[in-house]
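All chains are identified by letter, namely A, B, C and D, in their written order; residue positions are counted from 1 within each chain.
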């Protein structure tokens, strides 16, 4: 049996990795959804509504990518909603206080701000060695509290921001809104990093078995901290884009977002217990969840049914994912028996 | 990064450069690694009081000692997992204080831990090369190259493991082999192996030895820990003995004798290792017929009678554990029947098996035998949950009394009944597992690798225990990869090969040759 | 020497000793401290009104925290409780409005809805073996959605007056709500189940390691399934309680409560990884948040500051132990060092 | 933040205290109302405090009613998130001797002494219909973007609009095709607007009788192709709408002066405490500079007529 030939396993490998690709089912679901909706209501793919779909997906895509980084390391960040709120309001404040501040600088500031907030989570998790779910549940409240006391009833309206900033979420480059292009760039960059760079693979190893990673000498704390910071920075980016996209930012901006994001990531096939899944999958999950709402309105489904249907969608995504992985396991067992 | 943190030779690569020079100047070899008077305590437990070891380039150095002697703790100090509370540590002539395993690795030390530590979600190949995958330009990982190198490694170890398979669900044996591949692929100047052979059977062990000798001849220093003396004496150049966390002595193997070493280890003379008394055989307790499970085992049929010890022998991967799991009800089976005392046993129900009177000491102590974070007391009484309850309510006092009684009977060495079992040494953990099953007073006891990673002293105890149990009319089904154990303890021996029972021998007719042949021959042909 | 050292320290940490310095104990001390301080410093706090209002306010969280604690100890989580309560409330409203059944039947039927929801969670998680965090995020949306489907944007308010009077009625002059009697019974049930039954023992075991648990015959799936039934049932009761207490059934009752419940449970010393935790601790956690919020509001502390307090409590409760542990370790080492050095000189001469 | 729970910070059980319980803190509209309220309270000789939840939900309001009760507040001025849910605790408060003034959004009449309404509900409904009708030339599909599905004031206005569309011949060619709910949440309102436009191709106009909703809808229109094609009106705050009026997304919208609402509510509270009124129909009380206010049928008092805001006058207002 030790005479397994190069090309044979090469083939087996590609087949397996395809079967193992957890994002396949989600992507399929998305396509199906769009097709069906369009059949019922052709205007669903009209330029304007298509643009809206992309714009709606943009922000949650970025959030999902960041969250995926954290979840893959067998952690989670529930404070993203509050972080986004803080950054968004901060952005509004920047434009208010420093009129005519260069927009790139605002993006930088937003990502740094988010990164710092993420770092606080990361440090608590790694230094104090306590579960991320508890810590970030705590910081979710704390950050929100800070924001509400900071913002009070003050709100910044799109009118308060420079035209060209708002334009980011209106103007399109070959059909794609600028901020959506940003999101796509993020997905590609992070996705590549996670697949083909050592430190990216480390994140998978850590999520797969943190203790083994520690014994083996991977820089666990460093990597996990990095994941939280990266997530924070991405949330920061999303926060700035949010300000450009929506009419007003204030004390409640982004509240309740955390579970949606985690849902998107899970739907995208990232195992909540870490170690498996891809950011591309997470991104697709995000698009799926943000599209379903639009699709339901477009097909004039009774609004009362919409949330229920979203729930069903999340569940079926998890179930399908499960079925796929079970199938792989059985394949393994059989091939195992052959190897013996 | 490591170079900054560790005041010593930077990386493994340059380390191997040094090796040649070291072996060149092998006239009077100066040590590549010395640890002196290292101490480590965990809360109240003194794991290591005086860890002292000295490894030369180009030697294989054995470290022996009873369970709980502190071997693994010493290893973890070498590995940078624990930082010693006291003692001095010199690598390649320079004092070092490792702050993390990374430091140790950077200093050219590569370690195989007692318990396999793989990443279940990653492929076998990635498990081996994680953190140092072969990269092309721009630090991009070259997977094809990674697979090739992995396949080469397995070729040298002569095992057919698919590098693209994820590690999830590999048998302990396969896991251990991957650990070995990982360790040797680092071509470090010091290779530390904590009971690498515990899960392996003859063939794999031989291959491992060949590899180890190869590394030694290239000038690496190897620390080898094992409870099997035949291995120690076959492989090693020097032997360091430890007892109760303290260094006792170091010998050249040539000048050492087994009894001498054992005496130093246990601090007393030992009785027979296989105190098997032939017990009167009663009527059939367990009878299995036509048991099959796709891809794992086929048409398994056998009986175990009261007072009888039946050994299930064979190579690792033969499917013995799967049979046991199926009988006990952990796994399902596709066909066949299991009867206990003539009554059919429902499939897939461990609870039913337990109430019917089966005890099962599983092969993987850490994952299956014990709840590692739970206290000794709780573990020891876990099997008694139901019988402990009066009117559905458990009395903490009785629970405690039972726990103390049984861990006393098996002489479990622990600071307190309230400590997590995870803090016990391998051997003592195994005793807790036995304790909790004996407490149920079973009719049939299935033991899978009962003495894996257990020192001679304890081993003899365990064997005596099994023999007593048989004497008291309990039927025992013993899975073991250790031939001497099988031959020494069993009344009957069933040999499994590729999921089938390939032969059966009585105690009288069985010989090492017969059993090995039945376990391997067919396979040898195939290869 | 190792024996003597061991012995000396073991004495200092007898089982009882452990219990008195355990996490849950600490929480309860803090709770008592907060109550005393509030009574002394916060105007209006020391009054029977407080008892009544406070208890009524915390009852939903308190109830939900009990089964949640067991679920988390068993290594799972249930984010859908608040939605189940919402759905129950909606169903109760619709039944009362349309079915013409008497109120008791309606209440029983509504609670049964909770049971079914729990069973649904349990089925997905144990039978299909799906991760509970993911599943219950899904059912969080699903059940809330169904609540909307059932009752739409209406509200049903014409419940029998005497019932919502009963819900708010107090035991004599004590100010303690009558419903607390039922709550206490439920608390007792879960406390005994967790701490004094084989089932409870099993929960701790499988919380740490389902595999090892299954090897001693604990029916993991079976046990977890019943836990989710339990959360569902209690969530159903809470739904009914909220409906009567608000005298109004709607789709949005209890929205967002899930995270407050989990926060309280974790504050009470239950380990999110499973295997650790106790009912007294959990109750302490719930009351601590409740009392603190209540008295700070009376003290005119801004709402926004209250959120920060809750969050900080949670963070501190998990960070503090590891900090103190770290400190203890430092001290211990400095002591142990001497002992060991003294004894290891002999060994080192061998080198 | 100005109006946290601490704002006003009234300390004093025996003396004259008044607690304002808005639907939710940190809401710009609410702030204007409360601003008026606190002035009113001061003129009326009351120490006032603001208590309220951060998110607008019925159950969240209750602890604050109970707190006010426990502090022995004389007057509770509340904008109910749910007309019935606040009932039991308001009754408890009354037993403890507090007078209940509902404002902005009414409770179930059993639970309060008097309701101060911005304007005649019908007027508000009609003026919005008028404006939209003018803008779409009296014919075409329109939709309504409301707040929460349970908000009593919203539902009342919508009811009137529907009746008027039925009865009034001028509106014969206008048909209301959809009602959607943005829950007074910017994003949700924003997306609901999108939904409307994508699923109702020939929608001519949108009415949003809530300040959050109209602002979000305006933002969406101003950034989409529908800008200028689809008319939008409703109830908005000049400060929030200014931009959109300037850029032509919105031609005209309506509102009353929220400050007056709180102001009057405060005086109504005083009148109740002094026993000048009981909230019966026909009662009347002095509301400072706003003169005498009549109490109408089932205890509803009206403040004043709605105002129209457009490019010409919007800069005259700052709230």
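Following the convention adopted for this analysis, contacts are C-beta pairs under 8 Å (C-beta built on N, C-alpha and C of every residue); 3 or more make two chains touch, one makes a residue touch a chain.
Computed from a predicted model, the values in this text were never measured in an experiment.
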Query raised in the report: More C-beta contacts across C-D or across B-C?
Result: B-C
Query raised in the report: Hey, how far is the Cα centre of subunit B from the one of subunit C, in Å?
Result: 41
Query raised in the report: In whole angstrom, how far does the Cα centroid of subunit A sit from the Cα centroid of subunit B?
Result: 42
Query raised in the report: Can you give the whole-Å distance between the Cα centres of subunit A and subunit D?
Result: 37
Query raised in the report: Tell me, which residues of subunit A touch at least two other chains?
Result: 148-149, 271
Report task. Any chance you could list the residues of subunit D touching two or more other chains? Result -> 1, 4, 25, 54-55, 181
**Report entry** Chain-chain contacts as defined at top
**Finding:** A-B, A-C, A-D, B-C, C-D
Query raised in the report: Which residues of subunit A touch subunit B in their complex?
Result: 1-2, 4, 6, 9-10, 12-13, 16-17, 196-198, 201-202, 204-205, 207-209, 211-219, 271, 275-276, 329, 332-340
Query raised in the report: Residues of subunit D touching subunit A in their complex?
Result: 1-4, 25-28, 30-31, 54-55, 180-181, 185-187, 190-192, 194-199, 201, 215-216, 218-220, 222-226, 240, 242-244
Query - Contact footprint of subunit A on subunit B as seen in their complex - result: 79-81, 100-105, 113, 117-122, 126, 130-133, 135, 139-141, 144, 147-148, 151, 154-155, 158-166, 168-169, 294-296, 317, 319, 498-499, 526-527
Report summary line: Touching subunit B in the complex, subunit C uses residues 1-2, 5-6, 8-10, 13, 15, 18, 192, 196-198, 200-202, 204-205, 208-209, 211-219, 275, 332-333, 336-337, 340-341, 343-348, 350-351
Report task. Using the touch rule from the top, collect the residues of subunit B that touch subunit C in their complex. Result -> 34, 36-37, 39, 41, 43-46, 49-50, 52, 54, 85-88, 244-247, 249-250, 330, 350-351, 353-355, 360, 362, 367-374, 378, 382-383, 385-386, 388-389, 392-394, 415-416, 418, 436
